[in-house]
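Each structure below is given as structure tokens.
Okay, so chain A shows up in both of these, paired with chain B first and chain C after.
On to the complex of A and B.
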């Protein structure tokens, strides 16, 4: 019994805490391109100082936050009606509709992002269609812009928005809406005063599940975004692999984690609270 | 005047004509005609699946009828959505809004109506006082007992000043002790307000003790409508006789006869009553305020109720007797 409880902690200790300590140690060291590994250990904050003084990093942080925030909002605006429609569909049709939401997971994430490249490329399917149909003779290219990054993030993380929203909407007591109607609420007023406030836990959960990975997202901005969309995940990658500056990359990783601790803690607390309620 | 005895006095507040509601192959409400007079405490009584709840939901507007008409205070309610009907419902589950406190719950309907804030505050305060919940105004429903929640639901419906208050199994969620007290409280409130109550219940005792009139329903149809006394003393059918209270149903040469347990006299010596039959005590139960017996006679086992009595034993031979007019003939 004790072993069963200890196992996940042991796992976390070995595969999370220990690597985290290593990353922190590297972040406090200095870059030493000629040694293997290319780090000289020590205690210094100059890597962190650089992150907060160099405009490039600051811009990357802000872009990441902005892209993640707008993507989350768009996912919420798309996901809420989807979740609502599924939750209110006939019970025998819900499994099929949920399946359709989850279906993209059956294909590798990377392949799906590559598929978007094929769609959004200058000579991609979208532009071919636009030229063929005569809607636009000289359409611009979406690939390589921030639009493409938003599109990719919303597409990839929409299920994470829909599922928690569906869970809260589905378990809502429908007699509450009847009571609201009985007391004189039009359907839309009943939605605003009853459904929406009662689904807030799902809204918070969905937003965090989209926002947290979106901030640190690397693959989507790398493949779909252009050079002008510099997000922090991509900076981390570049520092590590292109510039081989391990300490700076580690400092970026630490900061990313620190930035997300707030939302993650919020998410955990909210989950714990909803567990208490049931 | 005994308020339980008077029938409709003015135009009906509810008028139902040929109302029918089907769910797939099931006809939940089957060609029902009914009138309820203003100020009545009317009960729809029946077992589960008899259509009583569907009928109440048709009144509230949560279901749309497949045929027939429903008029409330002379106004045809066909196509009128729930939020525009002059009725309010107290739900069986109470359906209190969990994210609002008691005062917000009670004030919800007034906010939707656009009642001015000052007036709404006064009306909410009055409604809370009426149900003795003034001190609980700031509590959330989750922080209240079952009885308190029931009173919030009542206040939330009453504060709207509906023409009819609909009550779906108003006492079902309460424990037995609380149920008794609440029963009297609801009747008192109804009489004080002079408001029409239409109540759904599966509990015949509840319907009998509270209603001015009641409708016994079975399989989507109304089997009998009348005052509790009429329905008890003169049940129209075997179903009603059996459903309302306890009845011995006897086969006679003319048909069926309902004989209430308390109309049968039990004695050791043969009595001089019009009908006498010998029997043997199969079971007996002393219940404090009365004694109940199951007595095997030549034809059937009869249930007999007498004043509390500890003299008899199981297996005793006894005589049963009842007056010529004690039984009530049944249609079917």
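On to the complex of A and C.
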């Protein structure tokens, strides 16, 4: 029994804590382009200082936060009705509907992002349809704009929003709604005063599961976005590969994690609380 | 101690099997005539562990991590090979053991010596130019007398603005675009003076609104699929786009032009990492790459020029007499290469580039 509990901790220790300690050690070191690996170990905060003094990094943070926040909200607005519909569907149809939500995961993430490129490009399927149907002769291109980045993130992470929402909505005690109806509440009022508050744990969980990976997203902004959408994942890539500055890249990674520790802790606390309740 | 520790833990490269009679080659995909590898093994008894990559960045990260396990790698001269060379990642070549060395093209060696003084660490493999790829029909439709063989196609706002609607892409690379912008201004493309770089940045800033994206590989598919009509990129990539477009159902006529102002020469360099496990075999493999037959067969496969003068006569006519692959002397005379610069200069340049392309 003790071994079974120790296993996940061992796993975390070896594959998360140890690498994290290394990244931290590199972040505190100095860039040494002439050695292998290109790091002079030491204890210094000048990489972090640079992150806070150069407005490039701040701008990239803010863009990442903005894009992640709007994408999360859009995913919530789309995901909530979906989860609601699945939770209220006939029990024998729910597994099928849930499978449809999860189905995209059967194809590689990267291939699905490339598929979006094929849809949104200048001569992509969307524009071909718009021209063919006569809706627009010169529709412009979505690919390479921030719209495409939002679209990609919402598409990619929507299942992470739907599943926790479904889990809370499905567990809800339906007799509460009957009681509300008996007492004269209209369906919408009942939704606002009963269903919505009860589903809040699901809302918080879903939003965090979308927000956290969206902040550090690299592939979607690189492939679907244009050049002006400067997100922190891209900055990290540039520091590591273009400048070959491992310490600064590590500092960016540490800050990214620090920024997300708040939301992650919130998620944990909320999960723990909802476990206690059941 | 701690450095060894880090190296060990960071060795994300699964080291290839080491053996007495083998050589571990890490090359670009589709970059050597693979049937020639068999004859190498037959002639020498050395087994070739041949693996491929498709980005300089991956190779760079593996070499910097240390203990990559590779004996022969083929990075692009600028900015990768030169930076790795400064970091001491390569072993000097024992030219006495390279009996085919004299097959190399002296002109390309001189250009490469800008990065590798005295040509002590690398041999030129394939080379090409940086220039303008375009969709013939779309460009003609918008600007019948477009200066397709001039940098003003990309850097003159009055010209490039005409093509905004059909799509323009430019390499996402400070070391390729700033030198070209400097060349366009008539300044030294290798200038490291902050004033000059600011001037180059201003050129790019002025045309940025008309550029759909800065990206170093996406333009291949985008040109081929008719999603953009103009790109500033590498000759080899534009040729790929052209061939792909010619095969597509919806045929697009893609062409490439070398800028008349001069073109940044790219050279892919074969070299031996400092910690190569089989350095002696690596030298024999390099000598094999210097064999005119091998270089010619590889050029036939890739459609790129090689740095092997003796191979020229063995090439099919459609490659050797193609002025875009082997340009005439007057065009070659305007080729340029740039020096590495210090790490601080690299950072400043990258920083300026990020500011320019994000419009800040």
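By our rule, the second predicted complex is superposed on the first by the 278 of 278 C-alpha atoms of A that agree within 3 Å, B and C clash if a C-alpha of one lies under 4 Å from a C-alpha of the other, contacts with A are read in each partner's own complex, and residues count from 1 in each chain.
Rule of thumb we're sticking to: a contact is a pair of C-beta atoms (placed from the backbone, for glycine too) under 8 Å apart; a residue touches a chain by one contact, two chains touch by 3 or more.
Not measured: the values here are computed from a predicted model.
K.L.:
Overlay done on chain A, so just call it for chain B and chain C: clash or fit.
P.N.:
Chain B and chain C fit side by side in the superposed model.
K.L.:
Once the structures are superposed on A, label A:217 by its partner contacts, choosing first (chain B), second (chain C), both or neither.
P.N.:
Neither partner.
K.L.:
When both complexes are superposed, which of chain B and chain C contacts more residues belonging to chain A?
P.N.:
Per-residue touch count on chain A favours C.
K.L.:
Considering only C-alpha centres, what angle arises at chain A between the directions to chain B and chain C, nearest 10 degrees?
P.N.:
160
K.L.:
Which of the two partners, first being chain B and second being chain C, lies in contact with A:181: first, second, both, or neither?
P.N.:
first
K.L.:
Check the residue A:173 against both partner chains and state whether it touches chain B (first), chain C (second), both, or neither.
P.N.:
first
K.L.:
Where does A:244 make contact in the superposed view: on chain B (first), on chain C (second), on both, or on neither?
P.N.:
second
K.L.:
When the two structures are overlaid on chain A, which partner does A:146 contact: first (chain B), second (chain C), both, or neither?
P.N.:
Neither partner.
K.L.:
Please work out how little space separates the C-alpha atoms of chain B and chain C at their nearest point after superposition, in whole Å.
P.N.:
Minimum C-alpha separation, chain B to chain C, in the superposed model is 48 Å.
K.L.:
Under the contact rule defined above, give the chain A residues that sit at the interface with chain B and also at the interface with chain C.
P.N.:
none
K.L.:
Where on chain B does chain A make contact in their complex?
P.N.:
Those in contact with chain A are residues 60-62, 81-84, 87-89, 91, 93, 95-99, 108-109, 112-113, 156-157, 160.
K.L.:
How about chain A: which of its residues touch chain C in the complex?
P.N.:
Against chain C, chain A makes touches at 18-19, 22, 25-26, 31, 33-39, 41, 54, 56, 59, 121-124, 138, 141, 143-144, 223, 226-228, 230, 235, 238, 240-246.
K.L.:
Which bits of chain A are touching chain B when the two form their complex?
P.N.:
Against chain B, the touching part of chain A is residues 173, 175-176, 178-186, 189, 193-194, 197-198.
K.L.:
What part of chain C is in contact with chain A in the complex they form?
P.N.:
Touching chain A from chain C are residues 2-3, 6-7, 9-10, 57, 60-61, 63-66, 83, 86-89, 165-167, 172, 174, 211-215, 218, 222, 225-228, 275, 343, 346-347, 350-351, 354-355, 357-360.
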